[in-house]
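I've put the structures underneath this note.
Both complexes below contain chain A, partnered by chain B and then by chain C.
Then we have the complex of A and B:
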């Protein structure tokens, strides 16, 4: 086998194929960026699912789209648009959560915000005619076009997000599952909720640049939701959430490398597939338990 | 409207007060919930907080926690201002009920009572970590929850959830336990069992307990004292002194009759509709 970085297609020899994956700098960057994003998304996603803020997280990811479009229009770096809009979105969502009268009113308010974000995004895109080629990457990411500098920025942002969540892990967990008692015990529950949304917005803005605004969800919500199905233990749940996010990212990148289909498709489908398998498996397990109990009672 | 004179314990031997309010009042949104409330809860006393909806029972608990400021009068909790003795006050809020999909183990919930306010992540295997785990197991055993504490809380029955939540409130060895309607939505056998459990905890752990209740009957045999809130004021004293036609009529400002059923149950008849019965019942 020649050592030169020449694309040869799938050889079915695992060692050769692994070697191929790391031969191109763009693939190395994609793997590094994917790893960073997967760890961060696995951790924050676990808390997002626990707090039932999936809809809020989804809205933040949609807000990333007009953010990027606005930045293109204004001639600013895309990152400025992503972080600016997601930060503002986190503020708005925290305001909605803070003033909520009921859960249904909250979800309606979040939905309205999401519709506005999409409308703004398409307005900016149509105002900026030259962006049309970039629309694809705004929505579906630029996984394979990541530069080394971007990887460094990602590492700094993701590292900050994970450290913040780790510092606040126990009070955040407390405030999420038992807010009344947490408040009485001195946990700043409202500030905690806002801070978490801000970190989530940061995480989403960052993830958006890799997987695109629409595919953020593949990494943020599905591995975390699967982990919550698999275990009720908090530490194990976070570890599983990260492990699943890593697995689908690596596998998705490898599959995309050897095929003509995009990375986002594989990452999303693999996440979704694992979620379905776990849910069906749990439902079957419960049924078997029930049947066994009924048989025992009948005996 | 204190009924201190009716105390069965002579003042000289009275233990340190867990809670003491003098002429206290709370206002919420410009409305006075109650005023001129004076009461004392002694160490290891089991006290029920009774009264109609909207009388301010949960408000009293929140004032003791320091979550609501006193508009008048003074209050002291474990010798300090309300809200300043957090580590020594256990609290169980009005049931919010974990839905069946809540994937949190009971044992993690109890653990939160111990370390939920601490920052950072604990290192596994340290001696303090082991001490914490031992304390969590001990308090779960105390409430009789060892058999189901490792199952997700959403899959447990109301009575089982309530026991684990009491364990959570107890895990830091508080000197004062505030239980807001812990018997609400439990069936009668479970109400009796939880009431007996609270009495036992009160004696064994030397904790003063304030328990908000809708119905006096499941707990009357276990109580030391009663705080009855109604008509914007309160009466405090032993149950036999407070739950009388005369005292309640004075409190409500309307004729009230307390009937003694042959099985020992008390029935309060003629209590007027609470003025804010359609408002927020958490007030």
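Then we have the complex of A and C:
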């Protein structure tokens, strides 16, 4: 399709622009990878916010950075580093959580792990003789250079993780909201927590490959937090979280494709923007309710 | 308004994605204007490719600004599109431009030729990537570029042969003369340099590069040079063992600046070279000849010959 391979810039005609967006295989790969990552991040992120494990998730994303740097150093595919380090990171976090210390001791231990991860990442970057090309994209994301093989790996991992979460959804929700009642009801709460951290590690490893290690939250936390603002109903909340993650990913990719600015910026800004709109909307709604009630009482 | 239209576009994308869009089929990049579409990762190879291709080839160089450091270049979506649409891609390789391979593998195109300078001249990753500073390797690249043009556009083979002869005998005449002259008049002269970029040229000119190779590599790769190497260089300058100091003005670290100042203070002539074409509009040979001429003048001053 030679005529499609000619880029004309944004035409403001949705059909033409759509055609341009799909004209090159690299962009098709990017959209597919973004879709897979957004679905997985939307689902796992919703449970992460529910379980108040945002800080653990952030630490996993920081661990993704030395993972990617170590893979570059060893000449391995970046995905190996992401999955390997995030997997080990999840095990370490599970160990910290499993030792049943106070919450403050737990978050301090997680924080120390995070500092160690950053230091290791910097060490690997320094050890990498030759130029570690693309350090910026390791940290802040890129959608260029995603191969078909990478898409297949992303799909396999995300598919397995989402199926696992779906199977365990009910007891996981129960264990997250009322751990003591769940334990009394025979739910293996500790094992659930351990398993969820592993899935979270996979989700962070996947998301890092699009948004970079530092902007993982744009897809993992913000859409989920927005969904939690909008509804407390689990199924609707998860659907909303996934929908928001998909919307910001697609819009972010399209904007980055037609402009010269990086994808991480767009995805993060869009997702933050949606969160702000929902927060402000809710605050206004509450005020209106309050004034209505006051008016009623006065009358 | 913007977001509404884009939103509509994205919605259509969702539909197309779920319908299993046929965009995956390998696009054969046919040139729009009839000219052969060629992309060079850096403008030093691009300039050569463009002069060899003449009117039959359209060359786009990705790194074309003296303000861009090729070592830590981050490609843009436009670069990805340019590479996706090219029938031939010229890259340096040897770890100098790994982003090119990423963009190529993310966008397979049947029949596209990828010419890698490092592979052609047989330098492994970790070796000195600055092959365009080696006149021998430049000649090898000229041969390879024309061969690939012949493969992609056999009917114009005669034209490319003419272009090649003209470039080698006229275009590069001054560049070759200067190299021959410096080699003849100054071979064996001891010089110092800030970076490994000068090493292939020093070898071709038969100058004796005294700076420790580990220092040259460290500066080129942006890592910290060792204290021992810095001491050696300080001695070479204080004792005037080197007759000329050559530094890369596009990659001038505080260390390099300090050494350059020390060389000036000790009356050692200083001359500069750059990573990519300066000015950006210069041809490969004009840029190289300008630098060679400055080097010859510095050598004349430093040796008193």
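Just so it is clear, the second predicted complex is superposed on the first by the 294 of 299 C-alpha atoms of A that agree within 3 Å, B and C clash if a C-alpha of one lies under 4 Å from a C-alpha of the other, contacts with A are read in each partner's own complex, and residues count from 1 in each chain.
Basically, a residue touches a chain if its C-beta (ideal position, glycine included) is under 8 Å from a C-beta of that chain, and two chains touch if they have at least 3 such contacts.
Everything quoted here is computed from the prediction, not taken from an experiment.
Peer 1: Putting chain B and chain C on the same copy of chain A, do they fit or clash?
Peer 2: Because the two structures are overlaid on the shared chain, the partners are seen to fit without clashing.
Peer 1: Once both structures sit on top of one another, what is the angle chain B-chain A-chain C taken between CA centres, to the nearest 10 degrees?
Peer 2: Roughly 160 degrees separate the directions to chain B and chain C.
Peer 1: If you stack the two complexes on chain A, which partner ends up touching A:55: first (chain B), second (chain C), both, or neither?
Peer 2: neither
Peer 1: Which partner, chain B or chain C, touches the larger number of chain A residues?
Peer 2: C
Peer 1: Contact-wise, after the overlay, does A:247 reach chain B, chain C, both or neither (first, second, both, neither)?
Peer 2: second
Peer 1: Once the shared chain is lined up, is A:169 touching chain B (first), chain C (second), both, or neither of them?
Peer 2: first
Peer 1: Applying the touch criterion given at the start, work out whether A:182 contacts chain B, chain C, both or neither, answering first, second, both or neither.
Peer 2: first
Peer 1: Which of the two partners, first being chain B and second being chain C, lies in contact with A:228: first, second, both, or neither?
Peer 2: A:228 contacts chain B only, not chain C.
Peer 1: Counting only touches as set out at the top, which of chain B and chain C does A:142 meet: first, second, both, neither?
Peer 2: So A:142 only meets chain C here.
Peer 1: Could you look at A:24 and tell me whether it touches chain B, chain C, both or neither (first, second, both, neither)?
Peer 2: second
Peer 1: Least CA distance chain B-chain C after superposition, rounded to whole Å?
Peer 2: The answer is 23 Å, the least C-alpha separation in the overlay.
Peer 1: Please report the chain A residues shared by its interface with chain B and its interface with chain C.
Peer 2: Overlap of chain B and chain C footprints on chain A: empty.
Peer 1: Touching residues of chain A toward chain B in the complex: what are they?
Peer 2: The contact residues of chain A facing chain B are 166-171, 173-174, 177-178, 180-187, 228-229, 231-234, 237.
Peer 1: Mind listing the chain B positions that touch chain A in their complex?
Peer 2: Against chain A, chain B makes touches at 65, 67, 86, 89, 91-94, 96, 102-105, 108-109, 112-113, 115-122, 151-152, 168-169.
Peer 1: Quick check on the complex: what are the chain C residues that touch chain A?
Peer 2: The contact residues of chain C facing chain A are 3, 5-10, 12-14, 16-17, 21, 23-30, 32, 71-81, 84-85, 95-99, 102-103, 105-108, 125-126, 217, 221-223.
Peer 1: Across the complex, what residues on chain A touch chain C?
Peer 2: Residues 1-2, 4-7, 12, 14-15, 17-18, 21-29, 31-32, 35, 126, 129-131, 133-137, 142-148, 246-247, 250-251, 254-260, 262.
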